[in-house]
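Right after this note come the structures.
What follows is chain A paired twice: with chain B in the first complex and chain C in the second.
After this line comes the complex of A and B, so read on.
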């Protein structure tokens, strides 16, 4: 892995994002050796007790053979799955900037209708049953 | 630098584990198959062909019970030589029956030898295509049943390989990862029509599964148990083997009890559940209609709940385990005898801020309609019907 820095961050503040929204990010890198490929990946992954699941939703090339630079990347967010967290599983959305030698930077965000992570770690109140 | 697991260094497929399992199940299949061929199928083929062999008279030259000593006790077989004539030419044979392996049980072999003393004349059967090929007992003998026991290994190997190749639990590569988008949900949600839900797993399928497990497990254990009992009858009790077998026997008995329990459940009243739409977003109302087939008078209590739960699958060594955690229980109906009716309907609202159904290879959020029947002095029923909660549109 080459030495240097990679950063990826949204152009507007905040991590709350909604389905269908377009996000714009600033990708910046300064590496000792120019990467053959540098790409941004929109993906989600699970964290928790289960074996990890990962799904890359979209990949965009950022640069090639440039040891440093700054670019803007845009992704249209899908409708699902929402970010959630339970006692066993959490689902996290992120954009990662990855160089071909493995160097990477990540920005995590939440995707849901109100921009908040859905919490499953409490028992929902039971509605009265019909009799 | 990114924290935690990067997708560029995400989970690797457990190739080593799959190779090990493949080798393990393949070995079961190969050894079990080889044993079955040698000790069951090949003798069986000869028994069938010998049905047409002509009979002649053989004179016994010698007979004895041959003992083979092993660590777990002795096994025995009949040793016999006899002479017979075909077309004026004399032949000597030494085959008593087509299955040649030794087995436990001295008494039966001794009785055969007692009936075949030197000088005794007895019928034997000669292969017309090869007069040097003869046999005294050409039929199916009881010890051939024991040669069927290794069929358990064949079944375990074949079923294991099948599920390893075609079943779930395949590790996910990034390129094959599920792409959860709304397109499929939206199309499904558009079909907002009453739908009769199918049970997640039928009672009959559960019974078949438990029966197969009980047969495979107990068949294997019985093979070893038979050796212990045979040794005990010869006054050479195998203490260590017996102690080792006890937990396996107990597990086998437990599986039999489970299968029996499941068999009893087949006669339980069977709920049918219809929902106003098969795919419902959070915050929407759902009408649940139910009817009960069978003897409603058996029920002491009947309830239907809408249940949301997480299911996380992980591997520990060679074992795959799924943990479940319920995060939502929404009551639909609860009736207690004598107010239990054969059917009805009720409306429930899916919580507005809950998680939609989500399915990845190892992690799931599942919504089910769960119908439970409490029956005095009888196994209770518990049936699940899968419901899809879709993301907001």
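After this line comes the complex of A and C, so read on.
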């Protein structure tokens, strides 16, 4: 894995996103060796007790053979699945900037109709949220 | 109730914990592998770290220039995948060799003979010379829990270890469940 930095962040603040929304991100990189490919991936993955699942929804090429640079990428968010958490599993959405040698950066966000993570346990949903 | 993503014993966090060997122990293991002609078995019971050690060994061998061919078998995947085309530059690592039928084991062994090396994990000794025996202790369980950010007392780790007969995977699952319920130990 080459040394250097990669960052990916939304051009507007906040992690609450809604289905069908278009998100715009700024991808920036500075690597010791130019990556053959650098791509942005919109995906979701699971965290929890069981087997980890991951699904790449869309991939966009960002650059090729450039050791440093800055680009904007846009993704239209799908209708589902929504971000959620229970005791056994959480589903998390993210955009990842990945170079072909494995170097990567990730930005996580929440996808749901009100932009909040759906909490599967009633006690959890009714608990006051930390500010 | 707490979110699965925040659970310190979630699978992605547990998988970050690697097999605990010191550098001298790694050197000794690689020397023994050399002595065995690149062919051996990692032996141990359920939840003793065989797969983790095999993965870590794969990284070490890859760094030494070997091309790693990983064959993963388990209760859901018992059939031998395509094992043709291996050559002297390949090092074959087979996790869960005891899942194979006699015929598939013979096929795998025949194909792996063309490779530069062959290491398996298995619950019982026998199929290949023993390269390493994985063993667990209550202290190891305690160390893992502490590393995951949830320290256990010696008594807690001892009792947990005994409940799961030394199967650290099962013990960590119990800790996952307890944390998700907010159970104080």
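Keep this in mind: the second predicted complex is superposed on the first by the 121 of 131 C-alpha atoms of A that agree within 3 Å, B and C clash if a C-alpha of one lies under 4 Å from a C-alpha of the other, contacts with A are read in each partner's own complex, and residues count from 1 in each chain.
Criterion: a residue touches a chain if its C-beta (ideal position, glycine included) is under 8 Å from a C-beta of that chain, and two chains touch if they have at least 3 such contacts.
The structure presented is a predicted model; accordingly, all values stated were derived computationally and were not measured.
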First, second, both or neither for A:79, with chain B first and chain C second: first
First (chain B), second (chain C), both or neither touched by A:48: both
Touching partner for A:88 - first (chain B), second (chain C), both, neither: both
Partner chain in contact with A:13 - chain B first, chain C second, else both or neither: neither
Touched partner set for A:105, first chain B, second chain C, both or neither: first
Dominant contact partner of chain A by residue count, chain C or chain B: B
Chain B and chain C contact sites that coincide on chain A, given as residue numbers: 47-52, 86-89, 121, 123-124
Residues on chain A engaged by chain B in the complex (per definition of touch): 6, 19, 41, 43, 45-57, 78-82, 84, 86-89, 91, 96, 98, 102-106, 113-114, 118, 120-124, 126-131
Residues of chain B that touch chain A when the two form their complex: 1-11, 171-172, 174, 177-182, 185, 303, 305, 308, 310-315, 323, 325-335, 339, 344, 346, 348-349, 351, 353-356, 358, 360-363, 365, 391-392
Residue ranges of chain C in contact with chain A within the complex: 1-5, 7, 10-12, 173, 176-177, 180-181
Interfacial residue positions of chain A with respect to chain C in the complex: 47-52, 85-90, 92, 117, 119, 121, 123-124
